[in-house]
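These are the structures, in structure tokens.
There are two complexes below, and they share subunit A, which is joined by subunit B in the first and by subunit C in the second.
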Partner chain A sequence: MAETILHIENLSKAFVRSIKTARKKDAIEKISLLNHLDLTVEKGKITALIGGNGSGKTTLFNIINGFLDADQGSIKFINGRIHELLGKKPDTIARLGLGRSFQDNHIFDELSILENMLVAGKETFGETPFVSLFSPGRNRKIEKQKTERAKTIIENIFGSGNYFWQHKAEKAKNLSHGQRRILGLLRIFMADFKLVLLDEPTTGVNPEFFQSITDILNRMVNENKMSVFLIEHNMGFVKQVAHNCHFIHDGCIRASGTPAEVIDNPLVRNTYLGF
Partner chain B sequence: MLLQLLINGIVNGAIYALVALGFAIVYNTTRIFHIAYAVIYMVAPYFVYTFFDKLGFNIWISAILAIILTIVVSLVMELIVYKPLSKKNSSGNVIMISSIGLMIIAINLVALFYGNDTKILHRDISDSIRFGQLIITYSQLLQFGGSLLLITGFIFFLKFSKFGIKTRAMRDDEPLCRVFALDTFRFRNYLFALSAVFAGTGGILVAWDVGMDPYVGMPMLLNAIVALIIGGVGKFHAPIVGGFIIGILQSVVIWKFSANWMEGVTFTLLILFLVFRPQGLFGEKQRLV
Partner chain C sequence: MNYLLHILIMVNIYIILTVSANLIVGLANLLSLGQAAFYGIGAYITAWALMTLGLTLFPALLLSILITASIGFIIGIISLRLKDDYFILATLGFQIIIYTVLYNWISVTRGPYGIPGIPSPKLFGLVEIDGILPFFLLSSILAIAVIVIFRNLIYSPFGRALKAMRDDSIALLSLGRNITKLKTQAFTIASGFSAVSGFLFAAYITYIDPTSFNLDEAIFIISAVMIGGTGNIKGPLIGAAFVVILPEMLRFVGMPDNIAANMRMIIYGLILIVLMMFRRQGLAGDYKF
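And now, the complex of A and B:
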């Protein structure tokens, strides 16, 4: 029996939208996006979540990492102890060891490539202006260790003399879309997360980067003992990297198994893949 | 004559730069249009007045106590108004209106306790240095030196310290900071404290020279906002350059026309920028993709 790192039970979420009706009175429409959803993510594995546009995948991630509240249910994060995530703030959840990436590019544009890596630490040392001011020695030492670590992380994937390290002082906004996505993934290594949620890591990325992304994901799981939970539309990529796969439809998980099994499921074929 | 006015303009510009930078520390990171910042600038010299003139404390101790109390006022504003509103995801307009309300209440309170009249912090005529025709008073030197010290200190800090990196990270992408475990609301406390140091120091330095009344905050805030906009919103060095530009421009206006034209010209400059270069001197055109 495989170990579980994330266990979601009976999770529901509805959005309330106001719509204009013919009689010019605002009416309120309730859309239940997630309906008593149950889901388990195994520890040390890559788990994929697939489903149609607007099926609530990103919303699920937003609830897990604390950006959104749920209407009911429970989300247990099992990392040594069992933590209930619902009701916790995003930074608290991050500190427990759960990280994420975004569907659209989130990067610190005006920070350099290296600073983008350095800022992603869980430690709060140097956060207050006073410590920064009065403890420069200790500050520098930590900074040096983290710089070394950033270098190792980048070289593990791209070898020495790579583009990212050579351009480490350049602002991140000067990178291409694909490079920024990669930087976003590399940055996750800096933070000692145990579980990372990746929202469509390959979307909008040139296929030339697919191999690097695959390497990064495998390294997260094999070398760094992280568990990965990712949303993906590219089924070829899912088959290649994922150990497990869940299919979300009508607000709950309708098929689970290995990627091959889920792709063969008639419901998945009819409602999502379309063949 | 021009040279003398230019010196005055540079000194005023340093103060504008200092106050504008304090505003930018909050605005660039939290997107709060902190109108009540005017109160922070105004209230600091009243604290000095209380400790120095009323209670007879040493001036430096009075100034330090005043800055500490000013920080407290700034934190109270954040904790009882901005933080709850931000947590509820209130719109920027709601927050700005609340900020205006906060400012009016605070001005009324100060007027109630201290009166509407202009208060003077000290009666001595400031000593000055002369270079031929040029006169620089010690008050002016203090304004210029104090502002420059804080400004350069902050810029250095921003570039090289961890706190600085995190401040710039907050400016770029707040949700991402939270994903990487930064307690953004605790961090905001430091930012509000720091901005209070900037506004408070500016307020005290100016009041030491010319005194103050409960209404000095708003004109200074407007100059700071113009400095921020013509420099370029979102950049930290921009309001500094903007502040000096306004200070020097105003001195030229006084020389060519009269002091009455000062504000008219400042706002003409603002409108020219908003129409022809809304991103400011250092801003970049927003990338659409």
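And now, the complex of A and C:
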């Protein structure tokens, strides 16, 4: 039995919306999105979450990293100690070692490529105003270490003389969608997370970047000892990179196993893949 | 000559105000309408420190900065819990409250009569800073010190985190940064340094009354920041110089004073509209509003 890094139990989430009715009083409609969901993510593995649009995949990610509250259940993050994540704020959860990437990238547009990397660095000591003012020597040393680390990370993946390092002073808003996606993944290395949630890493990205993204994911797991939990629609990509796979439907996990097993599951074929 | 020095002293005072307001308005993207209140608090604390406590220059300045920064910290903690427009309203409310208190608490502030006869500050209890040239030197030294401090802040990791927060606070949260803490730090620092302007104003003019620190003044400071531009250090410098020197220029074109005062406001308004249409980052700024 492999070690667990994330354990979700009995998680439920419903959105409430009020509908205008002919009578004065508004009716309230409850849309149950996650329904007593149980799920486990193994340590040191790439786990994929698949499911149709609107099945609650991104909502689940938003609950895990604290952007949304859940109605009930528990999410345990096991990183040396066991942390209950429900009720914690997003920045607290990130500091525990759980990071994420976003479907719409969320890159810092006005910062340069290098600054985007540096701002993600785990060491926040230099970010207090007093240190910035009164300890410039120590500050410069930390900055230098961070810059070195950013360089190592980028060169490990793309080799020396690569696009990102050559254009490190370029503002991130000038990058293409695929480059921004990759920058969003690269900064995760800076923050030294233990578990990362990746929301559709390949969606909307030019296929020429697929190989880079695959490399990055493998490196996260094999060399940086991270665990990866990703949402993905591209089944070929899931088969290629993921060790485990979960299928979400009607608010809970309906099939689990290796990607091949889950894709062959009749329920998955009928309700999601459609062949 | 004295006239020129007087204008330069006023430029220095406004440079300190706009450079510190730039940290919250420009970098942290928090539109605070309460900066004149902090300016006023600084000035009144200075009057109290110089007249009643009889402090010398640096203790009075430090006391003024510390008390104003503490008030800024408390106001920051309360108002920064509010988002966007609600934060602006909270700082507006604070500005009006401070003005009302200064105006009506007559036993302490002398209300609309103001506080006359503020003594000149003494450097280490020895040299009295009196007369226009010493004040020009003092204000220039303080303005340069404030510029250096804020330049270091803007280009430090702290400034970088603020810029990142301005771009995308969700992403910064997901990287484990405490957004509220960052905002509170920026707000406290900017408020504290507004007190330096208050100190210079009170000690130089030797008379303060609440009307120098009302909402018009707060809007004036924000206009200076927006006209100059935000995100770097030269923007607020140009903005401050511009809004102080412009009305003086109007005198030289031979406009009578009563028309010039109104003309000034019309010109500021026009400049803001033109900038918003054609140059949204201000005269020398990095960021568009």
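Note that the second predicted complex is superposed on the first by the 271 of 275 C-alpha atoms of A that agree within 3 Å, B and C clash if a C-alpha of one lies under 4 Å from a C-alpha of the other, contacts with A are read in each partner's own complex, and residues count from 1 in each chain.
Everything that follows uses one rule, which is that a contact is a pair of C-beta atoms (placed from the backbone, for glycine too) under 8 Å apart; a residue touches a chain by one contact, two chains touch by 3 or more.
Remember, it's a predicted structure, so these values are computed and weren't measured experimentally.
Superposition of the two structures on subunit A leads subunit B and subunit C into a clash. When the two structures are aligned on the shared chain, A:E208 is found in touch with neither subunit B nor subunit C.
With the contact threshold set out at the top, residues 65, 67, 89-91, 94-95, 99-100, 102, 106-111, 115, 118-120, 122, 124, 126-129, 131-133, 139, 143, 187, 191 of subunit A are in contact with subunit B in one structure and with subunit C in the other. On the side of subunit B, the complex with subunit A involves touching residues 157, 161-166, 168-169, 171-173, 175-184, 186-187, 190, 194. Every residue of subunit A that touches subunit B in the complex is listed here, in rising order: 65, 67, 89-91, 94-95, 99-100, 102, 106-111, 115, 118-122, 124-129, 131-133, 139, 143, 187, 191. By the touch rule above, subunit C contacts subunit A in their complex via residues 149, 152-153, 156-161, 163-164, 166-168, 170-179, 182, 185-186, 189, 286-287.
Residues 65, 67, 89-92, 94-95, 99-100, 102, 106-111, 115, 118-120, 122, 124, 126-129, 131-133, 136, 139, 142-143, 187, 191 of subunit A touch subunit C in their complex.
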